[in-house]
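Pasting in a structure now, in structure tokens, and then I'll have a few things to ask.
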Amino acid sequence: MKPYRLAARDGKDTIIEIVGRNGAGTCLIGEGFCTIIAGPCAVESEEGILSAARLVKTLGAHILRGGAFKPRTSPYSFPGLGLEGLNYLALARKETGLPIITEVLDVRDIDRVLEVADIVQVGSRNMHNYPLLRDLSRQKVPVLLKRGYAATVEEWLLAAEYLMAGGNGQVILCERGIRTFENLTRNTVDIGVVPLLKELSHLPVIVDPSHALGKWQLVRPVAKAAIAAGADGLMIEVHPHPEAALSDGDQSLTGDNFRRLMDEIKALAHLEGKRM
Amino acid sequence: MKPYRLAARDGKDTIIEIVGRNGAGTCLIGEGFCTIIAGPCAVESEEGILSAARLVKTLGAHILRGGAFKPRTSPYSFPGLGLEGLNYLALARKETGLPIITEVLDVRDIDRVLEVADIVQVGSRNMHNYPLLRDLSRQKVPVLLKRGYAATVEEWLLAAEYLMAGGNGQVILCERGIRTFENLTRNTVDIGVVPLLKELSHLPVIVDPSHALGKWQLVRPVAKAAIAAGADGLMIEVHPHPEAALSDGDQSLTGDNFRRLMDEIKALAHLEGKRM
Amino acid sequence: MKPYRLAARDGKDTIIEIVGRNGAGTCLIGEGFCTIIAGPCAVESEEGILSAARLVKTLGAHILRGGAFKPRTSPYSFPGLGLEGLNYLALARKETGLPIITEVLDVRDIDRVLEVADIVQVGSRNMHNYPLLRDLSRQKVPVLLKRGYAATVEEWLLAAEYLMAGGNGQVILCERGIRTFENLTRNTVDIGVVPLLKELSHLPVIVDPSHALGKWQLVRPVAKAAIAAGADGLMIEVHPHPEAALSDGDQSLTGDNFRRLMDEIKALAHLEGKRM
Amino acid sequence: MKPYRLAARDGKDTIIEIVGRNGAGTCLIGEGFCTIIAGPCAVESEEGILSAARLVKTLGAHILRGGAFKPRTSPYSFPGLGLEGLNYLALARKETGLPIITEVLDVRDIDRVLEVADIVQVGSRNMHNYPLLRDLSRQKVPVLLKRGYAATVEEWLLAAEYLMAGGNGQVILCERGIRTFENLTRNTVDIGVVPLLKELSHLPVIVDPSHALGKWQLVRPVAKAAIAAGADGLMIEVHPHPEAALSDGDQSLTGDNFRRLMDEIKALAHLEGKRM
């Protein structure tokens, strides 16, 4: 018997409607769609996130990403702008109409993050943070649940089950690479997990090749691979000036590179019969 | 340059004094000592934890372990008794005089856990939980920091750095096995990390073979290996009736097996010149 | 400085011409092409390999695979038909005109394998078998070099370097999954390695999703992912009756499933500008 | 049912007698003994191996190791002296009376290696080399079978089964570290495998901490851990002048460090009731 119940496939496919608030548009994530989340790793400044938002909006992204609270391996690294960053994200939504996804790290920040976020992200480091999952299970907000970087598929689906068992069925699974012995890439994208999850669960599946690989040159080919494998969307780091980014510049696409990615993804989505 | 500073070795060794409150004795953890933490995985009942405490006290353990808040992979598994479990731990301390170590999962529980805990445990799933680490960094309590099951040594020392950078230098590192391809054991004890940490850091290092291996038959040999490799102590799961345990019964030692372990560890500690 | 020299990219792309002997056609493997190798895991009988060969030929495969010498984890498993299997492969080539790829395990079998093979396969277990690589480096035959299941990219390129340093520049790299902690799939396809190898080396890169995943349902999506990521071809297990296969039946496609895969790969190759 | 039969424990313990030829002494490997194999990674010169042999003999080693045929990741690295190296090993045995262990890589070298070797080593890269295992299964020589660096315990015992199924029951299992995500050490010693193998199999188990860790400072503590965990012996790299070694100098002990290791291992073996 499978240890998860609510997350298990039963013939249906869950399609999640992102209802953009405060003037943002709605969009759908799930089987039959190809939804693109794009933006910088971190919100670095008001002007920074606005220019990034304009850029990805112009190039066809559906949702804006940007971290206000950043989990950093070192206590001495830039931790994000916090509440100030959330305010800048709200401004970016107001101007561009793009729904916002941003990460929450601390249960005590949930209320304030929910004032801005149209989708809440639970990052890899928090996939096993059960108090956070329990609290989010009682909210009416879509949750993008990244796979822990050493989590098995079963553990991942059980983390989704925490959200669903508490009443929140709006869960999007995001593969972002697993930890292996190979070290020429930051992590290893487990591409087989895309069709495997489609077989095991009814939840939408997207892929984040940027964090997984850590090298912008590899992002476009692996993004295409994800869609070809059946993923319902992508999360892509885009920065107008990657060389000046405060975090993860090496993996961020420039506007030109993101345009090329979008062109190729559109053609591929068309071939696969996915709406975009 | 090493990314951690306060955790880095500089010729000294940190020895942490556990000041047992409410009648409990004090003990030391660090270079030159062999300190044994023992007890059941979870606090299951008042009588259960009292009988386990009496057992491990009689057999020479220095500190009592017992989980009141249990991180469980499935939302449907026994999550621990919570506050009730903390109360039972306090009773066990009062009766046996053993200092208490117990895990905290949620930043909102820190105050209540600190009313009972002489040492706070940060579990593997929370090694990357930076809000929890930041809050604990401002407390005056020793923290046992388990290695994340896919954390590199550098990430682990940076998690310790979070605690130290906030002002809490009382950090004990606990190796509890890492995730590998081998699946006849639950995880793989990285024994080389013991001397490696002794070279890189001044912090005490202990090993938890019970959670690492998941099979009680392997616990005693690997416990001995840990001390022979230079570890400053052990964390061992002991349950008067493992077959009836609500969690992790397969890896728990009976009283008889724990007695044998203690006898052999004592002889080994003597050989190694460690006080026990 | 990179430790490999001859395998390193220097602006060119190597395209390997498979010169089918004894009436077989020629085909090309490398940048700009999409070459499909298909057939059963093992040669099981004369009629078996002939019917498989006819099937994959009809459905558009370019090269026939079939193992005469099988490396088996257990000494009690079917080891392949050996020389008899080679003879059957020769018959299949004669009838269908498909070039043959088959594996060599033992240096003493090289001459006899070369009497039949148009491409020689070095399997995952032999990627580090340097005497075998040295001997093959002195032959004039294309070598398909599978990645060891725990080999880093650098070790893999150094294995290619063994072949090239001895004079054999006709090396095809084949990703077949690496060993990780995830066990719902047999191995984990490292999809990022496809664009990474294209950046680091001039050698052709193909992907074998069948052995990597161990489940036929996942083969088609991951095959498409491989081509979308830039791979120059695929190696696919096809068996007219997978349920009766002597080895690896779970991962073999039926004729119907292979037809669907070929249809989708053709559309994708067309989109990517690859000749097929 | 277990997939291996002859390697499976059935209440007995296999103790292997090394019958040193040409004047060398005999020694035993197995339960109840603590047997030390020591010497340089590679045979580098006549004088080099003779001085190393004298050194380890004086300090109490039972068997001399030295590689004449070296498997090297790069085709441009020193591959060993080959037959010349074998001759030097024979001289070292003649002078010191130490039995010899050396590695064989190529089935065509078996006869010549057996003229010198008292134990034949199958290295990690060849654990899956079934033609080599089959040929050695028909010889009357003890085989030290290193674990493949990504081999599961079951695969390893099945490799032993290849040797035993062919008639050679003199198999010694050698743990030498597995490949994991941790990269501050070369590999990760799987210490739990020592008691696990003792439970699953009757074959002797030794540990090679030198190759596993790649850093001489960690060798002594992990060697002690191995014996404490129940290993029947150790394989240790010793080089009179590690800084001048042609391979693996970083992991080789000097004479002084090996003396200290031997002193501590003797005390530990005495405590554990192992003859040494």
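For reference, chains read A, B, C and D in written order, and residue numbers begin at 1 within each chain.
Note that a residue touches a chain if its C-beta (ideal position, glycine included) is under 8 Å from a C-beta of that chain, and two chains touch if they have at least 3 such contacts.
Small disclaimer: the values here were computed from a predicted structure and weren't measured.
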* With centres defined as the mean of C-alpha atoms, identify the chain lying farthest from subunit B. => C
* **Interface numbering overlap (same over half, different under half) for subunit A and subunit C** => same
* Mind checking the centre-to-centre distance between subunit A and subunit C? Centres are C-alpha means, answer in whole Å. => 35
* Approximately how many whole Å separate the CA-defined centres of subunit A and subunit D? -> 49
* Asked: subunit B: which residues touch two or more other chains?
  -> 150, 179-181, 183
* **Interfacial residue positions of subunit A with respect to subunit D in the complex** => 150, 179-181, 183
* To do: Over in the complex, which subunit B residues touch subunit A? Could you list them?
  => 3-4, 71-76, 105-108, 125-126, 128-131, 134, 148-150, 155, 158, 161-162, 165-166, 179
* Asked: Where on subunit C is subunit A touching in the complex?
  -> 150, 152-154, 178, 180-185, 188-196, 199, 209, 212-213, 215, 217-218, 221-222, 224-230, 267-268, 271
